[in-house]
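Look at the two complexes coming up: chain A is in both, with chain B in one and chain C in the other.
What follows is the complex of A and B.
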């Protein structure tokens, strides 16, 4: 039922990701506009208007900045997002259905660690540096639970190939079978995209943190990259936990899009409803609660697989 | 086709708002105008295209503002809003300046030339960027870490007017802190002074000091700032809108149901409590307003708002005791030292020193 798609579909990946990313940005802007008491409909064009502004804005040069790392850090964010999306199947077809697809996805996320640290470090700014520190702490807190959540899904399918994970959910979705792993995946999705309650590395209290010194097109690339990343982690939740393209009436690719849109909407809503999580406090939860919870989840899944 | 002009006209401006001591009224007007136009407020000069200065001019602040202005990438425009009624006109004028493509190009060329000349004059440099390296010092764990000297404020989003907190950071932990007020002046605090409203209008009597909804509006203003620092922009924006509605209303709060919903939402947020619990604890020696931890302080604001807008009970609205502002300012250094920056920001936002009520001279205090 699955396989590698023709090569031209590689062009479709950034287009779809961009569409979902724009949707997430517009949804956020619309919710913000409603909170501010202005017309929510204006939120739909807000990301386009902001992009227009940033396209005209000049880039900055900073004395003492490590310009190469600084610029590279921002540019890596959308690149990592698109690379991660290569293994996400649309319906039954993915651009690259690697035998280690889950590991590939995870590896591309970890590129973000380097990206944000380079971004914060390169700007030669105290705000940027603290923002970079914060993302590293965040990474240390969410990455292990996140990896165990991925492991649970891979274990349930007995394979690291994403299409096998989808095939293993023919009877029951992994979101039902392993709810703790799914919940942890959603939390770590927000943390990975450093967005919403986990947005402190570029937080308001740090005057923008790792992004404090960015302007113009550099800032546009980072912001767009962040929303695209949010779209990717939402899209990956579909094959891992929500049965991929399975569903009645509609074709597989349509179900994938509908489910992805649903997860994106959930993440956007959570980001709107929740205040920021202070990382020094979350670290404790990550290690003392989430790691054991996901380990237990993996144990339960392992027993289930063995007795099945 | 002039693509630059076309894009500029479609862009929603992003304003970096700096408030001088004595500029609270102007800030409220500016925040309101920015919000209603669907513009954004910048977190840092780098992303902004408008620099909006609220309140009276001050030599020390102006020198700092020039540096902020130099950090803005351009196209850029500058506006000074000395009083609330000038806010809308000043913002519109700044917007027009922003759209003047020819003038913006001249400004950019001028800056490029100046930068080239500076670079040539500097010649060979021994330090990266001509900047001194950070010195090392022992941190609380006995490690030798770089010491970064950073001034928080006065040009900082969601920060008390005119407050400059000079800190020494190691990693993201505050090691030393010193309070300095930029442009301190004698004069009434915005929240205590009678409002600038038409003398013959019906509002003149309603908005005199100590009136319940003025107290509520001041608490709402403090709360929205804390929520913003706590990384909850949606709740902060709603708080701002409700604050403006309270200040606007002639007959008291007309936003009852919505205000109550907002209060309930903020009060019930476990995440917010989790972020602020146990931070910046102040003992019983301090004025009542400041006692307890950050959570206690914002809970008190919410109570104050609730009491003030509740029909029938408005007469008993508590007003902060005189001297609270100074006590809050004095508490800042000792409470932020040893804290991580996020915690330090939350502590300052929860103390919310009304720098306009402190008076002219404040001696600098070390830790």
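What follows is the complex of A and C.
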């Protein structure tokens, strides 16, 4: 139940991530089409058509923009997602099975804080700046509960190595053993990918927020990056809480893909169903409800580990 | 050999991006130049085999620099820090002092007679470092951490000008608190 995969699998990581990202985008488009009363099947090709449109659209340049930070911010979103995915195992193999895989994953996630703020700042636009700051507030609200959720999984396995976390779930999945941590992980996954109810940093009330001035290929990179990020946080839920590649009949890698697709579908559906959450409200919920809940969850897991 | 090259590149780039903090004319760029310097330093920590500490430095530095960016820009003298600025007052003096301090510290690192390695590196360098730094004092360190945290909370409570009387009225009878920004729980 371990092992670093051969080096060529590095190329497989972005391919799989983009496939899941495309699936998430297509699912969203289908859900939106159904809600609008048009044929949902057209949603399946909608991301490809939209990408083609953005690729030929002229790239916007703005006087006074901090182009270096602006472009860097957009590029960091998909790059951070791929880097975070390096420790996510497919079946029993991960590209890099680091001894501190869980911390690595978390560190790559917070790159998004810098990325979104750079995007918002760089455009020299008030809407963008407000969007960037909104994401920082969002980050400060979800990050501690998220870290404690990760801590609970690592504590249950007694290791920060992702393959050890998977191995520790042979008897019972951590989603069953620590449901509060799993629920908080899913909430923070939505918040991290600024998706659905947590999409206000790029919200319509801000004329697009951090993405307000983006167009053409820059907008494509951000949108694709966001779906890829959604895919990677969903993929990490599988080894952390859903037993990794464990399952009957099918091989490990297939189960990993099936479970990841399930979590992506859940996140896409939740994002479509739930109304936007205002950050002045969620901050208090995060600190007054989610932090104590996850702390108690960690305590329960610690006691369980000690008495096992 | 590879390690030496990586270290050299990271070291030079860390110093360069550190210097860039004082060259660039925007607070945002200064923030990210400083962040780059920290991240390159994290690479040096990773080279020592301290993987946990190295990745933790990446994690914490990104988070704290983003929070820092908010405050750095908030406290700029020009509106929101949006105008061109410089981090340096008294350019010549600050240049002399900073180059002098850098040379002094670098000389210390280069000329100190470092001891020869005896024995092998430990299997888990992070654990070994933790025991070398903390050793028997783990309990004290944990208590100090708690005291520090309590101090921060207490300082925040003491400095905030709004208490429960402002929120719930002089006789504390108000049904829901009167806050400038409503929270999500209505308490």
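Convention: the second predicted complex is superposed on the first by the 308 of 308 C-alpha atoms of A that agree within 3 Å, B and C clash if a C-alpha of one lies under 4 Å from a C-alpha of the other, contacts with A are read in each partner's own complex, and residues count from 1 in each chain.
The rule we apply is simple: contacts are C-beta pairs under 8 Å (C-beta built on N, C-alpha and C of every residue); 3 or more make two chains touch, one makes a residue touch a chain.
Just so we're clear, the structure is a prediction, and the values are computed from it rather than from any experiment.
Q: A:106 contacts which: chain B (first), chain C (second), both, neither?
A: Touch partner of A:106: chain C, not chain B.
Q: Looking at chain A, does chain B or chain C touch a larger number of its residues?
A: B
Q: Given the touch rule stated above, what does A:71 touch, chain B (first), chain C (second), both, or neither?
A: neither
Q: Output check: A:226 vs chain B and chain C. Expected answer is one of first, second, both, neither. What do you get?
A: A:226 sits against neither chain B nor chain C.
Q: Identify the partner contact of A:133: answer first if only chain B is touched, second if only chain C is, both if each is, neither if none is.
A: both
Q: Could you look at A:259 and tell me whether it touches chain B, chain C, both or neither (first, second, both, neither)?
A: Touch partners of A:259: none, neither chain B nor chain C.
Q: For A:280, is the partner it touches chain B (first), chain C (second), both, or none of the two (neither)?
A: both
Q: Residues on chain A in contact with chain B in one complex and with chain C in the other?
A: 129, 133, 278, 280-281
Q: Give the list of chain A residues in touch with chain C in this complex.
A: Residues 66, 68-69, 98-100, 103-104, 106-107, 110-111, 113-114, 117-118, 121-122, 129, 133, 136, 139-140, 143, 160, 278, 280-285, 288-289 of chain A touch chain C in their complex.
Q: Please name which positions on chain C make contact with chain A in the complex.
A: For chain C paired with chain A, touching residues are 26, 28-29, 32, 35, 51-52, 55-56, 58-59, 62-63, 65-67, 69-70, 80, 181-185, 187.
Q: Of all residues in chain B, which touch chain A in the complex?
A: Counting only chain B, the residues touching chain A are 4, 7-8, 10-14, 35-36, 38, 40, 43-44, 46-47, 49, 71, 73-75, 108, 115, 127-131, 148, 150, 156-158, 169, 171-172, 227-235, 237-238, 240-241, 269, 271-272, 274-275, 340-343, 345-346.
Q: Considering only the defined contacts, which chain A positions touch chain B in the complex?
A: Residues 31-33, 35-38, 42, 46, 48-50, 52-53, 55-65, 124, 126-127, 129-130, 133-134, 197, 199-200, 203-208, 211-216, 219, 272-281 of chain A touch chain B in their complex.
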